[in-house]
Structures are given as C-alpha cells and as structure tokens.
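Each of the next two complexes has chain A plus one more chain, namely chain B in the first and chain C in the second.
Right after this comes the complex of A and B.
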C-alpha cells in the first residue's frame, strides 16, 4: 500500500466520522435558540446575557456537585433524556424588532431549535415570540417586563420575571414607607425611553400611582439612542419633583448620570427601573457619580459557598463581571426552560409546553429571589417578586427594602457624587 | 428670559459646536472627491478609543489623547485611501457606498472584538470641572470641544482658501485631469485630504470622549447627526457644517425643552426637509 492510498483511506475514514458525527450527536443534543442584542446599542446587555446562558449550559452539561441539590447541576446532561446535552444557538437581534423576528424564524425553521429564549428588549420579545407562537415552539422569557407580552392570549409564551405592575406596587409601597419615615414623596416624575419597554413600564407605573391617589407630576419621554439629555435634566431641575423614577437602557442612563452632574442637579430621590442602571458597565462608568440611586432587583449574591455565590463565580469567569439582576433573571428563565424539557423527557414542543405549564419550582430550587415559579393561564409567573436595592457606595447595590430582606437601611437624600 | 432657558440655549450651542466638529471631516471628503464616507461615525468612535487607551495606559487626558488620535486617524485615513477608496472610486457608485459601509462594520466589530461591548467613560474631571457663570453651568470639557470645533473649522477653511496645498486639493476636486497636467498628483492630494479629514474626525472623537460614553456602536448614533449636519450645511462646505451644527444643536435643545424630547427629531428633520426643499444644495453649499 503506497502512501497516497493510505492518505486516501484516512481521508475517507475521517469524512465518514464527520458525516456520522452529527447523526450520532443529534439524539444526544437538545438545541435551544437564544435571541439577544449581541450588537447595537444594547450589546452590553446582550453579551452579558450570552455569558449567563453559557454559564447555565456549563452547569447543566457538566457535573457540578458543589451546587448541591440545585436542579440539573449534579449530573452531566439531562437525566430525563438519557444524559442528553443542551446546545444553545445564539442569534443577534441587533436591537431591531424586525431582525429579532427574522432570527427567531431562522432558528426555528433552519436551526430546528425545540424552544426559544430571549430577546431582552420588550419590543423585540414581542415580535420574536409571535413567530414562536405561529410555529408552536415554546418561548420562555426571563427579562422583558412590558405588560402586554402576556396579554396576547398566546399559548407558547412563558415569562418568569416580575412585570411592570409588580414593580409599580413595589415602588409605591416603598415610597409610602419612606414617607412614613419622614421623606418627602409627594410629587413623582417619570422619565422613560420611548420604545416598548420604557413606554409600557412608565404607563403602568403612572396608572398604579394614580389609582393610589397620587398622580404622576411630570412624565418625560425620550429616545434611548439620543446624543444629548440636557433639556430633559433641565425640565426636571425646573419642576423639582421629590422623586424621579427612571426607565432607561444603559447608554442613556450613563448620559443622564453625566449630565445631572454637569448641570448640578440632584433630585432628593431617584428610583431606577433596573435595565440600564443594573448594567455592569453603568456601575463601572458612572457608579461613583450616582451614589444613592435606588433600583429594583431579584438577584442577590448571597454568602460565600452558597449556590448563588458559586454561580456568580462561574459567571464571572465567562463575563469578567459580577452577575447583575438582568443576567440573573435570564439565567433563571433558561433553567426553568431546561427543567421543563428534562421533565418532559422529550424534545417535542407540545410535551415541553405541557411540562412548562406544570412547572412548580420552589424558592429553594431557584438561583434568584422569586418566591417560586408557577405559570398562570397567560404564561406569567405568579410567584415572581423583587426587592428595592440601593447603590450606596457607588460600586455595589445592597438590598434595602422590604426590611425582612434588607442588608442595609435606605439612605436619603440622593447623594450623587 | 429665565436662567434655565439661557442654559438650554448655551447647552444647545455647545452641543452644536460638537456636531460641527465631527461633521467637518465628512464634508471635507465629500468636497474633495464626491465620496460619502459611511465609516465616518466609526472614525469618531476610533478617536474616542484612542483617548480611552491613552488615559488607561498613560493616565493622560486630551492634551496627549487629542494629538495622538489625530495622528492615528490620519494614518488610518491614508491607509483607507490607498487600500480601499482608490479602487472603489473606479467602480460604480454603489461600490463606493458599500465599500465605506463595509469599512464601518469592519472597524466597529474589530473594536467590539478588542474592547468588548461594555460602555466605558473617561473620569468626570479629566478636563477641569464645570464653570458657573451667573447661574449658567458650562462644562469645561464641552467648552473645550466647542472652542476646538471653531478652531478646526477655521483652520480647515484657511487651508482650503489661503494655502497652495488647499488650492492644489481644490484643483484636483474640480478637474483631476487638468490638475495632473499642471503637475499636481491627484493621488497625493486625495490621500492628504483623507489624512486631514480623518485627523479632524479623530480630534472630534477624542474630545467627545471627555463627556460622552464610549462604546463600539457609538458611531451609529453620531453618524446620523453628522449626515444631517453636512447636508443641511451644504455638502463640501466647511463653514456650512459649523452653521448647521450650531443650528441643529440649539433647535434640538430648545424643542426638547419646550415641546418634549421625543419630538425634537420631528422638529429637526422637518426643518431639514424644508431647507432641502428650498435649497437642495444646503445652506452654504454650491450647486
């Protein structure tokens, strides 16, 4: 046998292996699609989301006995599917609802994913999940909070995160408590970005406050990819509200923090609605000039050695940053989805859907501070909850309200820089 | 007039000066060779990252960052001219557009790859602090950017109208064949134009970095403003970019303050279309 013949045989053999590989792997791999903003203005959030999902994949696909009884952690792969591994196909929504929709379509029809998660921006979750609904593919969302997402009568859409109406109540009760403690909270202003997320959250908060007999004094909408926010800050400076509620993505949140300092404006109290203000790059860039901003969160790091602490360490290795609330909620949603697939013991969409409907996770089975995960008929998690946190030192958020969950007492007025 | 209203107008003027600053490079390239550089916003972004790297490595502010950004971008400008522009200029119009567009994406995602998607900022006090003039607050960093904008505009204008290099560059843009017959090398002139335009853009980026966030996608946000400024001011007109920049800055600020931030684009773009309706060549452009 001469050399070329040996080489030829080797080639054929390797070709056969390559061809056979996927066929063999197919029965052992569960493919899930994830649509996130991996480029565009919200890329920072999307890339942290990707790291969160990859960390979850690592926990699911490899044995992690150090996580104790945390679901899916102990063994490698999914026990319900004979040790099958989970594979996530990521797609970039580029911050556009149309692209998000196209990517969902591509993941379903070409990548043949059995379920979807994503898509960060509420406006894109709206369009992407409509495609999943049409094709009968389960879509589990962990971070989009616009109320209407679960008001569309969808059968395949499930959402684990608390939503705008939960926060509105949280903020209102918090302010009531602060008022009882002597703070002035009579006039409340809302400033929000003008896509689906900001608009819907702002309107739900405004409606909830009005219902409680405290109409919003000033409502300012702006575009998130704006180059300048001086006028908006000056509007606030002129009206002097007691409390400013901000619903922003990261780039605009950073601009607001910088502009407030430049124009020397400090409202007595700022409540930020997660998103931009939770983004690790916000804290690194302008945390030091945003000291004392309140925020909401369902995530807390926990004591060294706890499940959340270990998960954060794994996540930090992938992303370089500590886990923030948004990434944690995305990770939890992914665990909920994979747990359902595991219980379904099948990759058939209808069986996954049935398993999702039967989800009943307790607080101690979660890596996030919800009271549990249980979906109502609309697909909304009824046990989602959150706490008020504060950026007291400009570097780390600490839980400050309600008192039962607090690690520190809330500090007012807003300190800024 | 209330103090706040004056503050809005002052803020608008300073913002407008910055718009003018990062638009001058775009208008120069157009004036020289009828090419729209779609990578312009990403040139600004690169200037910002140069300032950021200078700060992280050397701890130095714009005094070092601005000249270095000008140098780095000028080099890039020359490379882009010889590596890309010279070839696509021979191709159809669409090749020119898509060529610089591809360059924009290449630069953006190279920075993505190198620096990650995180938003970054320079320290707040890197350029002085904030002055208080009769209750009007003026940020030193924005003032510096505004002053440099005026200087760069003035300098470019003088260069084009008062120097022999400027005349040679204009000669090439008017009629490159005739210029060649007069012993001017079009290639050299156009490469110089790219170097100057890119350097001006780099300066703009390094200055904007002192008060804006830095991210790989920031060019997208800024490029739109640059295109509007340049077409309102008149393609190719450097003083036009200054006037248009200031105008857009003030109108944006006033309309955001008086009507609402979400409506400022409606006001600006309505005005933009109106001007183009009556003066398609822009405020100070030549037909």
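Right after this comes the complex of A and C.
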C-alpha cells in the first residue's frame, strides 16, 4: 500500500474538518459586513475606512444630540427597528480580488450579514459584489470609481460616489470659469500612473475633454511606485502646458512635488485628482512646496460646530488623522445603507434593496458635499458631485469652486514654494 | 488488491467532503484547496521532479485565466473555450522561454523566470485588448450552464477534483515512464545524467511545456470561479511563490506533496484571515509566515517526507514488513 497517497488525501480531509461552524446573528443587532484592504499596499486606506465606519457606528448606536437633525444621530440605535444596534463585521481583502470574494461569501453565509459595504479597489469591489448579487444581498459602495461596476446589470449593487466622468466634467467646467476670469487654459496635460486607477481616470478625462472640443495636448503615463520622475517633469518643462492634471497615489505625488522643486518647474496651474494629493502624508511631507495646487473633494471640514466639524472630531479620536475625502465618501455610503435599513424597518435583504432604491436624501442630510443621494436604475447615485479645493497655505485645503460652496477665491498662478 | 484499498477510501472521503461539510464557505475552501493543489502539482513537474525552480509559473496561470475571460469578454463564448486556447499559448510560451532559460542552472534559471513573468505583467498592464490595468471580467449573471458562473461551490469542487485527478494521473504516468527516470537523474546531477546519455535539455523542455499547459488549466479554472482577472491577481509574482511554497511544504518531487501543501496552507491562510484579518493589523501574514519559517527550519524536505519517515519507522519496529517502495521519493 502506498502511504504517501493515503496521507495526502487524509490530510486534506482532516484539516477541513477543523473548520468552525456557522455563527448565528442575534435578533437585536443588525449585522453589516465591511470588506476593506486592511493589509497589503492599500492598507492605509483600509484602516482609515475602518475608522470612518466605526465612527459612523458610534454616531448611530449612541445618542448624539449635538449633531442636530443629522439622520440616525439623535437617538441610540435604529428607530425603525425598535432601537436595534448596528454591528459591523470587518474583513480583510488583502488587496486580492479572490480574497475579497471569499471574505464577502464568508460574511454573507457564516456571519449572516444583511448587507455589505466596501471594498476600496475597483477590481475587488467587482468580485465581492458579484457574490453578493448571487446571494441577493445589498452591496453599497462609496469609493470605487471604475465605470464598469454599475454597467453589469446588477440589482443589488448601489454606488454613492461620483465617478470619473463626474470629475472630468468638474475639471472642465472649472477651467472654463477660470478662463473667463482671465487664466490661460488652452493646453492641458495629463500625467497619470499606469495602474487601474490612473489609466481609467485619465482615459475618461481625456475623452470628456475631447468631447468638449478641447483635446488633451499631452498625455504622460508613468509606472506607479516609481523611484524617479525626472524625465516626466522635464517633458512637461519642455512642452509648457497651461494646466497639468495629475492622477497619482501618495508616494508618487510626493516624488513629483520634490522633483518639480529640484528641477525648478512650476506649471501655471496644477489640478490633482484626489487620492495621493489628499493623503495626510502628502500634506505633511510636501504641502509647503505644493502651495496652490488644486484638487477635487466631496468632503470639506466646515466651520467649528457644524455637523461635519463634529464628525471630524469624532473621527480624529479614532484614527489620529483629519478626515480625508475617501474616508468621508466611505462613511457616507455606510450612512446611506443604514438609513435604508432603518426605513425598511427590517433586516430582510429584499426590503433593504427596496428601501435603497427609494433613497432620496437631500444635501442637508449628508455629511458630504453631494447634491443628494438618489440611485438610477443601474444603482449609480445621480446626485453625486464634488467641489474644487486648493492647498492655499500648504497645510489645509479650502473649497474654492463653485462659488456657492467656496470658502475662498481661487489663487492663480501656482505658487509652489 | 490491498494496494488500492486506502487510496480508494481516501478518494471516497474527498468526493464526500462537500456533502459532509455543507456550509458554502467550507465547500469553497475545499474547492480552493483543490485549485491550488492543481497549480502546485503542475509546478511540481518542473520544479519538483526536474529540480528546475521556476518562479515565473504565473505566466502560464495568467495565460489560462486571460484566455478564459477573453473568450467571454471578446467573443461572448463560454470561458471553457478559453481552456484549450490557454494551453496552446502557454505551451508555446514555455517552448520559446524554455529553450534559452533552461540552459541556465540553479538560481539563474529562477531569476530568468522571474524576469519573464514581470515582463509579461508589465506588457499586459499596457495592452488594451487584455483590459490593460483594469482587467477582464467574466459573466456574473450566467446566460447558461456553460458560463460556469455558479453560486454554489459544489460544481467547482468536482470540476477541480476531476482536473486534479487528471493532473496527478499525468504526473504519475510521467514519473513511471522513461521520462521520469531521466528527470530524477537530471535533478540529482545534470552533468552525470548527460554523461550517461540522457537528453537533458530536451527532457527538461518537455517537462516545462507539460507543466505550463497544466498550470494554464488551473488559471482558467481560477478565472471561472472568481469571474475577474487583472495583471496583479493574474500575473503577480505572489502566485508563483504560492505554487512553490505549497509544493515545497508538502514535499517537492513527491506525487501528493503539493496536495498536502495546499491542504495545509490554503485553510491556514483563509482561517487566519477570517479570525485575524478584521483586526486590521496584517496579523494574518505574520502567522502564515511564522509557520512557513518553522516548517522550513525543522522539516525542509516537506511534510510528506516526514510522514514517510514516521511510517517507515513504524513499519520497521513492527518488523512485519513486506518489501515495497515506500514512496515516490528518489
């Protein structure tokens, strides 16, 4: 008899036998699953997302009369479910689409969550929401911007965030206004990193500008997490575009700022596409040599005492950092989901789905600067929007456009250092 | 007939596993073990038996995965159609890459394979037809059964089991044929094998191509189950490393070594992530890594070598042994 054969297969069977049995949900608690990159190279974003959702849980589960009429804040628990508390089960997607899907399945079938949120990276949101769709569990996403996510004919997927085409329109309208105010905005260059985020956003911006009759003059791609961007900066220096749009993650954004200073290059106007330039580490490291950079955001801190200001204070206690745009969009998605559960008055997935479809939140019921939350047939929020912000003092971004939301006037040209 | 008694019992147990462990997560875990066992077993042919440690096998995995998703995304065909296409492309790539790189020995071969796989990843990241950095996705809402998009893990489990049996069957057939003897001779000393007239280059290339084709099938199956592939998940170096670790942990160059490695590492990874992942401190990888280090320190030959030794000791102490080959170990 061949022992190796026996041992091999027995091992497979016995190891599988030690698995834990299913955990049953309690009736007084509404369980929601959250899949985020808590390890891997996007871990920083995942950990901030976790802090944002924990802050939201605190606001929902405990009485927060200081937040005034902000939905779900006043009383402890969910009024629609007899004061039930919300419990979030976090899972780590490890930056892998396969792990993200495995964890979504586990949360649905073992933890018996009634809805899911996550999963930061678009590719992982894609696989995780696919399993939710198969099981008929609502999936609310607040931060993944890949266009195809809402083009799959899904019935259980909802997305609150603005997507690349919304940003492209924002940038174009902003530049048109700036031009009217006397700035030169004729030649626009895009510089973007070559992973999914950079390529998809850059191609959408390029297409949108072309459609508006202003094709992009220069499109430069570079490898993400690179160690040298001199050639890209020199290329810009030579072509002298009026506006540079930058799509980068934090480490690359910092490298660009340093290289531009080293090569003494200041474009007349820089527009950054969120992410890297919104990261607290960017502002700490190179904020002082990037004064005047424009950025987009849906989040703004607001005046002391305002709802957003108080939420930021709560968040800061958990995470140690000020709220950034990504964490804020994730938190808003979570509030939208819990609001739907509260209105459904039930933890039945079909009723939550119906409530999500009926969502009609106004701008003053949100902690973020959207015009509201209302989903179209594909599950995309039609009222998602953002504002243009500027790093005027090198330490804090302030809203500068559109005028209705502006806290300060835009300053041009780019000051740098 | 006693020779076949235990294998039959074990096979019955493996077939019955999803009926005994019925929660969707347990069934999926079983399917994942089989999936990784397939690709680690495929790697084992060239990495274990021939002793050529390839760290670029993810190229073939990616070929299969992209072929399956491409068949759906570009031609609206069943991802199953991608399996033969993936095999053909993988075997061709293996032939082209293998001829020059297999001449390199030891670490240099490993380095060359890493270089090739990273190169392929960078190229694919920039090819729009293959979805560039965004990736390709498969059918989520299946049109028919041939879209291979199931809610339950059961169909995947049995599909993977059948593929694994075929893979192991081919490996067994290979090792007991003339080629298997050549391979073991080459692994132990290529120079000695050559001096005795073994066609080392040709045999190594055949093993590399066979291994590539089987790895590609594993890649196609992976893509069907998860319904998505992008350069990081389909061509990232981590998958090459996983194949290697699973085979080495279980016992490289042993028929059931990769299966044992997968049966230990896949649950370890998934369960440690389930228990610790949500805490958000990356503890999963610390635990995972520590166990690998311990095994490498105390049992570098693999779990199966240890088991074989224990079994052999038990048999000698009983002193009622009939002579029989203890294992496939050389």
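Methods note: the second predicted complex is superposed on the first by the 390 of 417 C-alpha atoms of A that agree within 3 Å, B and C clash if a C-alpha of one lies under 4 Å from a C-alpha of the other, contacts with A are read in each partner's own complex, and residues count from 1 in each chain.
The working rule: a residue touches a chain if its C-beta (ideal position, glycine included) is under 8 Å from a C-beta of that chain, and two chains touch if they have at least 3 such contacts.
Everything quoted here is computed from the prediction, not taken from an experiment.
Taking chain A as the reference, the larger set of touched residues comes from C, when chain B and chain C are compared. In the superposed pair of complexes, A:46 makes contact with chain B and with chain C alike. Once the two complexes are laid over each other on the shared chain, residue contacts for A:230 go to chain B alone; chain C is not touched. Once the two complexes are laid over each other on the shared chain, residue contacts for A:238 go to chain B alone; chain C is not touched. Once chain A of one complex is fitted onto chain A of the other, the partner contacts of A:153 are limited to chain C, with no touch recorded for chain B. Using the contact criterion defined above for the overlaid structures, shared-chain residue A:248 touches neither chain B nor chain C, since it reaches no partner.
In the superposition on chain A, A:194 contacts both chain B and chain C.
Looking at the shared chain after the overlay, A:135 reaches chain C, while chain B stays out of its contact range. Of the two partner chains placed by superposition, only chain C is touched by A:123; chain B is not. By the document's definition of touching, neither partner reaches A:55: not chain B, not chain C. The contact surfaces that chain B and chain C form on chain A in the two complexes overlap at residues 38-40, 43, 46-47, 194, 223.
Across the interface of their complex, chain A is touched by residues 2-3, 5-7, 9-11, 13-14, 17, 21, 23-26, 28-30, 32-33, 37, 122, 125-126, 132-135, 137, 140-141, 151, 222, 226-228, 230, 232-233, 250-251, 254-257, 259-260, 262-264, 267, 270-271, 273-274, 277-282, 284-285, 303-304, 307-308, 311, 324-328 of chain C.
In the complex of the two chains, the chain A residues touching chain B come out as 38-41, 43-44, 46-47, 194, 220-223, 225-232, 234-235, 237-238, 250-251, 254-255, 258, 261-264, 279-282, 284-286, 289, 320, 417.
By the touch criterion stated above, chain A contacts chain C in their complex at residues 1-13, 15-22, 38-40, 43, 46-47, 50, 89-92, 94-99, 101-103, 105-106, 109-110, 122-123, 126-127, 130, 133-135, 146, 148, 152-154, 194-196, 198-200, 223. The touching residues of chain B, when paired with chain A in their complex, are 4, 7-8, 11-12, 15, 108-109, 112, 116-121, 124, 130, 137, 139, 142, 211-213, 215-218, 220-222, 225, 252-254, 256-257, 260-262, 264-265.
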